[in-house]
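Quick one: the structure is below, questions incoming.
Here the chain labels run A, B, C and D in written order, and each chain numbers its own residues starting at 1.
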Amino acid sequence: MKKNKAFLIDPVELKQLQQHVYDANMLLYNYKLAIHTWGNVSAISKDRKYMVIKPSGVSYQAMQPTDMVAVDLDNNVIGGSLNPSSDTPTHTLLYKQDSRIQAIVHTHSPFAVAWAQAGSDIPALGTTHADNFYGAVPCARELSEQEINGDYEHNTGLVIIEHFQKNNIDFIATPATLVKERGPFCWSAKSATDAVNLALTLEEVAKMALYTKLINPLQKQANIFLQNKHYNRKHGKNAYYGQKK
Amino acid sequence: MKKNKAFLIDPVELKQLQQHVYDANMLLYNYKLAIHTWGNVSAISKDRKYMVIKPSGVSYQAMQPTDMVAVDLDNNVIGGSLNPSSDTPTHTLLYKQDSRIQAIVHTHSPFAVAWAQAGSDIPALGTTHADNFYGAVPCARELSEQEINGDYEHNTGLVIIEHFQKNNIDFIATPATLVKERGPFCWSAKSATDAVNLALTLEEVAKMALYTKLINPLQKQANIFLQNKHYNRKHGKNAYYGQKK
Amino acid sequence: MKKNKAFLIDPVELKQLQQHVYDANMLLYNYKLAIHTWGNVSAISKDRKYMVIKPSGVSYQAMQPTDMVAVDLDNNVIGGSLNPSSDTPTHTLLYKQDSRIQAIVHTHSPFAVAWAQAGSDIPALGTTHADNFYGAVPCARELSEQEINGDYEHNTGLVIIEHFQKNNIDFIATPATLVKERGPFCWSAKSATDAVNLALTLEEVAKMALYTKLINPLQKQANIFLQNKHYNRKHGKNAYYGQKK
Amino acid sequence: MKKNKAFLIDPVELKQLQQHVYDANMLLYNYKLAIHTWGNVSAISKDRKYMVIKPSGVSYQAMQPTDMVAVDLDNNVIGGSLNPSSDTPTHTLLYKQDSRIQAIVHTHSPFAVAWAQAGSDIPALGTTHADNFYGAVPCARELSEQEINGDYEHNTGLVIIEHFQKNNIDFIATPATLVKERGPFCWSAKSATDAVNLALTLEEVAKMALYTKLINPLQKQANIFLQNKHYNRKHGKNAYYGQKK
């Protein structure tokens, strides 16, 4: 464990965060969104000074809550004895970019990966999509040779941020992206559990979009008023879906 | 709970209806036709003065029978402490339209949603379809901007009814519809359990129809005599499928 | 139970056959080849004077072994208190046609149904197919209006037999057929368990064939020498697959 | 059991190898990569003088560890009372060809079979592929009539080796192949468990590749720098994926 003198970790919060991140990773596995050691879930601390993430290359069945790794936002391991996910710098960059993001998930779920491998946005073809993602789920551009052979995972985060900024996409209204020829990242302003639920939603939406294109290859995005209606009845100012909090 | 002086609720019937609707919602979940909080099942009381429906935005795993909400046919909550499904006005309108309907189901099951997103009827391509649905499962038209931004869920019901009336479709012979860019609604003249079983049948039929189109994109509807034979051996006057009642 | 004076039923054999047919029907259900009350399995008695089959319209979860119905080959119920499957006359005709057939299965499994709905043979595209079915799994022709509105289930059997005879297909070398716009029937010279295993194999082969066509729509049948090799190493005179019996 | 005087078998190692091969076969079954008696897993002894393999035509559910068959590299059974898998000569030839191979798996998993039936390589369309297989998973050529009707299983091995040699493919960098109109073989330099895990990975990759082609039929292989990056961060000299060993 590297020393980090810049801040103190509350051991109670760390333990809770490890349990929360462990549970969310196991939910990912139980949803069958990840096999073997694939995929990873992280969540950030309240002071946003460190995150906790799945260890690299460890199988879901073998993991324990204490195996979850604490990493500061400069990618230094500050808690835990294992290596963190190799995608750590992508996670930390996104946390630094938007302070509303509380948790991040990366999966290799097959329908979402297929859209990423085709280099295509997932178009908003209906209300299941619009209930959860405002507009298309974007596909970020290919990294250049220099970006790949340089600080690859950090650059992956930069390319995601570039795409959201260039296209004026709000990270919370559209809490997911595809990385070209790779796969999906999702995030949540609520919790790691919610981020994993979104990853399952994204896979369902990606599946429905593929099936729709097989019925009508020229299918365009859904009626924009319908998209707005569904997004707003769940997430808007006057949302009326769900229970009062 | 809002007061409703127009009629009295039999507390025994209410409790039975809550249990029945709860069981049917859980069957929907166990059939994997719904994830998260998606979808909803309702059933109507014997006097057709109120229905019981899934609460809005509550996960299947967290629900209890007493969480099922009683709503009169003007969409007033008359029993239960939770908000009813946001699709409540679509359900109540259908119950008012056809007094044979005893239960209604809405799902986001992916194959049926794909046909809805493509804005296409599910054609009757074989006997599995014809055993259960007379003719194509229709796809109702897109709502207008005014219909979406007005009383949306009520208008959704109106558009379904418009489609059935314009096309002389009998609600019981063809107990399902797609709503464009949205997904399926099914109903039953028997019970909520039967309506959920129909929702599973619809998903199977939607899957078979997509696979068939992938083998032969130009496939037309099945022989009309064969469709009639299968529909009638199960549902006609001289039906001989099944056991004597 | 109708009287049948032409022959006596051994009650021990009947009971064993009911158990065997029940187990095979439940295997069909557990393989997820049938939902609700769909599909049916039968097996014939040693003297080939009667068969035992699933009752009509009864759900798999509710069935008991004693619910299996005994029917003579003229379609008279001779044992059991329930109505036999409505497909009974198709089964009895096939048993009469080929005395090697010991058991028959009908399913609505979705990939096989899709080929039937497309009115297409399932081509022999590889060795998984050739290991089990000699040549394409044929799709029998559409029934005429007269055949449908006449003795439909009997005529379905006639159309299957017509197709096998016209095309010189051996019932045991190719133990399955599709009925156009309907679905598959399989049979076995061994047992009802084996017939259900074949129904699962057919569904796998139908799935592989569809996926193959999606990769290459023009894909032709596999090398005929390869087909013969695989069929014969399992079923030929000098078969060397499996264990000595 | 045939005698083999050329070498002695350590009974402890044999028993361990039988257990290991049994466990890996059962993993194949539990991953749903094999139904019925299909597929087979083998592993080689430390001295590379014999391998242990699944018996031919025995169902997974009926198998015991002691049923696993020991075979020398000339395909003589030297331990166990059952016939070995009919694919035995393909396995032994691959073990002799590359002394790094420790275990081999053959499956009929449907997406991988579909690519084999289409006679097509599985192109490297993204990082899930590149993480595990360097370049396309190749499809070996069709066997000639003479090769099929001669020593078929041995010739199958020869055709695989021919393809890898002609195309300068390294058996460990690309630990899988398709055999045309047949299906996949995978292998591992580590263990039978690892080989079965690769067979699952291959099926996922084959599925993703098909879905990708359905979105964009003209999709080309992924950026070569991205492929190299992902392959090398997991398997290269400076690999940083996973935990220190």
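The rule is simple: a residue touches a chain if its C-beta (ideal position, glycine included) is under 8 Å from a C-beta of that chain, and two chains touch if they have at least 3 such contacts.
Computed from a prediction, not measured in an experiment: that's the story for all the values here.
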- Same-site or different-site touching of subunit C by its copy subunit D, using the half cut: different
- Query: Fitting the CA atoms of subunit B to subunit C, what rotation angle results, rounded to the nearest 5 degrees?
  - Reply: 90
- Item | Centre-to-centre distance between subunit D and subunit A (centres being mean Cα positions), rounded to whole Å | 34
- Task: Express in whole angstrom the distance between the two chain centres, defined as the mean CA positions of subunit A and subunit C.
- Result: 48
- In subunit A, the residues touching two or more other chains are 214
- Query: Looking only at which chains touch which, which shape fits best: line, ring, star, complete or other?
  - Reply: ring
- Task: Quick one: which bits of subunit B touch subunit C in the complex? Just the residue numbers, please.
- Result: 125-128, 197, 200-201, 204, 207-209, 211-212, 214-216, 219, 222-223, 225-226, 229, 233, 240-244
- subunit C contact footprint on subunit D (complex, rising order): 35-38, 55-58, 82-83, 86, 108, 110-111, 113-120, 142-143, 145, 148-149, 152, 181-183, 210, 213-214
